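Scroll down for the structure; my scribbles are underneath it.
Lettered A, B and C in written order, each chain numbered from 1.
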Amino acid sequence: MPDYVQRPPTEPYRSLNPTTKLAIALTEALVAFVVRGWTGPLVVLAVVLATGLRAGVWRAFLPFLLATLPLIASILLVNTFLYPGATDLIARIGPLAPTWTGLVFATQAALRVIAFAMSVALLGLTTRPDHLIADLERRGMGRRAGFVLGATLRTVPRIGERAREITDAQRARGLDTEGSPWRRARGLVPLAAPLVFGALSEVEEVTMALEARAFSAPARRTPLRSFPDAGWQRALRWTLLALSLLAIAGSVSGALAFLP
Amino acid sequence: MPWLSRQFSTRVIALIPVAIAINIVLGYTVQTVLKLPIYLDSIGTILVGVLAGPIAGAVTGAASNLIWQYAPGIGGGTIGPFAVVAAVIGILAGLWGYLGVYRSRPATGSRLWLSVVVGVAIVVLLASRIYNNPAYTDPNIGGYPDWVFTAAILITVVASLAVAAFILVRQDTAGAWVAAAGALTGIVAAILSAPIAAYVFGGVTGSGTDLIVAALRQGGADVFNASLGQGLFSDPIDKTITSFVVFIILASLSDRVVARFPLGERIVNPAPAPDA
Amino acid sequence: MTLQLAAATYRYAGAAGPSLHEIDLELAPGDLLGVVGPNDAGKSTLCLVAAGLAPATIQGQLSGTVTIDGLDTRSARPHELAQRAGILFQNAVTQLSGTSATVWEEIAFGPRNLGLARAEVIERVEEAAARLAIADLCARDPERLSGGQAQLVALASILAMRPAYLLLDEPTSQLDPQGTRLVGEALAGIAARGETGILITEHKTDLLDRLCTSVLVIEEGRIARQGAAAEILADPGLPAAGVEPPARVRLMAAARAAGVELDPEPP
């Protein structure tokens, strides 16, 4: 089989089995949101930054971080200034009354968002989607789920490209993307209609093409390649699962309330 | 289970990626490019639910959210944790599909006017349930601020007119059911989204709807109620519009294409008897 | 063993009347049959029925019998049909699975679905790529190919299923002249081996003129004329049936009209 089909990566962290990297990302997301207060997000953020450094993707983190800024700003502003029932004022600036409770709440929420976003970024930057899908399929996810995931990852940019073309053509014909909401809404139908119908028209053809290549055959699909998976990685995945369940149980039962 | 595998025939498997792409691309365009205060990111989910069934719809919804969150390029934002809500929207759509909500019901005369009355009554009823929610009260003044009154009445009137116009212009009584299905889906979505927004993101989502959250907080609503109030404001409108869009799409597709889907027979009106 | 249609009548689901009426047709390995006819005459339907996709995948009503090497298409599962009759459509993009990073993996899509042993999958992919001389495309991204190249990859993907029969529905209609030439040469190569029965519907009668031994004219779902390619394509009644004769025939007719007798067989 040609080299270009084999290609498992060899760099640190990237060389981990794709399912391991997925398990890590899911556990990080869960812990960041479920373990309340400062502990959860800060621990996850530390782990993500450390592994990101090891994998050499620190610089690539920046755009993902910047993308969260509007949300962070909104969280900080709304919660610091408008946290109902809080009385510990930081200051009184005219009609505005920021509170410490609000600020703490806001910062913790912001940290959760950042930790989650960085964990997502780490997964995206170190794992090829088709490697992940191939590995999951090998583990029994099945060809239909594999097709849906793989096809979606290619269909979304294709339809996005078509949307851009239609929007540009509409702009040239006077579509307003900056004016009043009513004018913007009127531009929606000439954009959405050809997009949706164009996309749907292909479904019949794709169905026939899939059947013509035995997509619905009952046999288990032949795996082309396998990704290295050491015993310690298997152990790690089970540990992560146990950790996630403990985190949920601990958080729900209040047993983790002692954490800052 | 044959019921389950029928929902995932090759045709449905071919449809789902397209539906997910429609969700993501339209949602992104509406929210980011056109910056309208609606989401419009569930058209594909409801389409799959109605054509293929509740599980297929749930998969489409959940996958759309997760893929959008994790997708390189357009990913990020707050959509991922709402995957559960998206899945429920898909399940409800499957229910509406089974009930034949999206089947065309041409009618004229008194039957048409009856459905207009029914449709408007449903809109008014649901609107009054929504806007009576305690999330909108302002304890400082012991009641509703003026802007809630004005907005509620304005929305109710516009929605009623839109539904009535739809039924009359298309001469199709299905409009009433489509509106009801959309509004109900929206209410459920809002109720499910509020705790997620409040618990996970501190009550805001980084989009224009945060202004509504801020206004409600200003009125004294706590984190959960402010999110619920914002949801009940945006979601029923968004899902009702989506519902009508799905109805128009289904009506525009040729019968023979729709009939090949698992729930297709519930959408297509029975064909005239074939010649011998 | 042949691909046989006997009194085949087919009506699409939800359609008022049949699109094919009483079609009798037999295709043997090594045959190269061209099908021409006006638009909506039923050429595409004929391909779908002959491949068994109608009714197995798109439902509809089939009366009469269609058998592929003895397998009745009404009772066969789609994956059984896929291994006996391969079908190629006009639009190359929708035929590619869209899930493969390289052309090599794309061609492997079908054999992998059958659950064949890895060694056999590799063998079939190499063989199909070699047959169509596209080994140099195998490392490329299928989304970044020209129309003609994409159509060749789609064809290779079908060949990897090792069908005894190939049904091609206007395979070059969306291609530029170079793409048409590529596909035409590939088909000629397949035909020359004599192992596969090929049915090809086309508007580009030049292609059929070069490749086919016999030609069928379909009008309104019925076979109007059938015979040797040279005869049918030279028939002056062809334009009236909505079919443009190949350039060779038009040239001879124009020359005759001008009073010049051209030698049909150049030395």
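Quick note on the criterion: a residue touches a chain if its C-beta (ideal position, glycine included) is under 8 Å from a C-beta of that chain, and two chains touch if they have at least 3 such contacts.
Keep in mind that what you see is a predicted model, and the values were worked out from it rather than measured.
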Pairwise touch network: line, ring, star, complete, or other: complete
Longest centre-to-centre distance from subunit A, chain (CA-based): C
If I rank A-B and A-C by number of C-beta contact pairs, which comes first? A-B
Expressed in whole Å, how far the mean CA point of subunit A lies from that of subunit C is 44
Return the distance between the CA-based centres of subunit A and subunit B, expressed in whole Å. 23
Which positions in subunit C touch two or more other chains at once? 57-58, 78, 98
Can you pull out the residues of subunit A that are in contact with at least two other chains? 147, 151, 155, 202, 204, 206-207, 210-211, 215-216
By the touch definition above, subunit B meets two or more other chains at residues 10, 17, 260
Note: in the complex, subunit C contacts subunit A through residues 48, 51, 53, 56-58, 77-79, 82-83, 86-87, 89, 91, 94-99, 101-102, 104-105, 108-118, 121-122, 138-139, 143, 154, 157-158, 161
Which part of subunit A faces subunit B closely enough to touch in the complex? 29, 33, 64, 67-68, 70-71, 74-75, 78-79, 82-85, 105-106, 108-110, 112-113, 116-117, 120, 123-124, 129, 144, 147-149, 151-153, 155-160, 163, 167, 177, 181, 184-185, 187-188, 191-192, 195-197, 199-200, 202-204, 206-207, 210-211, 215-216
Please output the residues of subunit C touching subunit B within their complex, sorted ascending. 11-17, 57-59, 61, 78, 98
Along subunit B, where are the residues that touch subunit A in the complex? 8-11, 13-18, 20-22, 24-26, 28-30, 33-37, 43, 59, 63, 67, 69-78, 80-81, 199-206, 210, 213-214, 217-218, 220-223, 226, 245, 249, 252-253, 257, 260
Help me check something: in the complex, which residues belonging to subunit B touch subunit C? 10, 17, 254-256, 259-260, 268, 271, 274-275
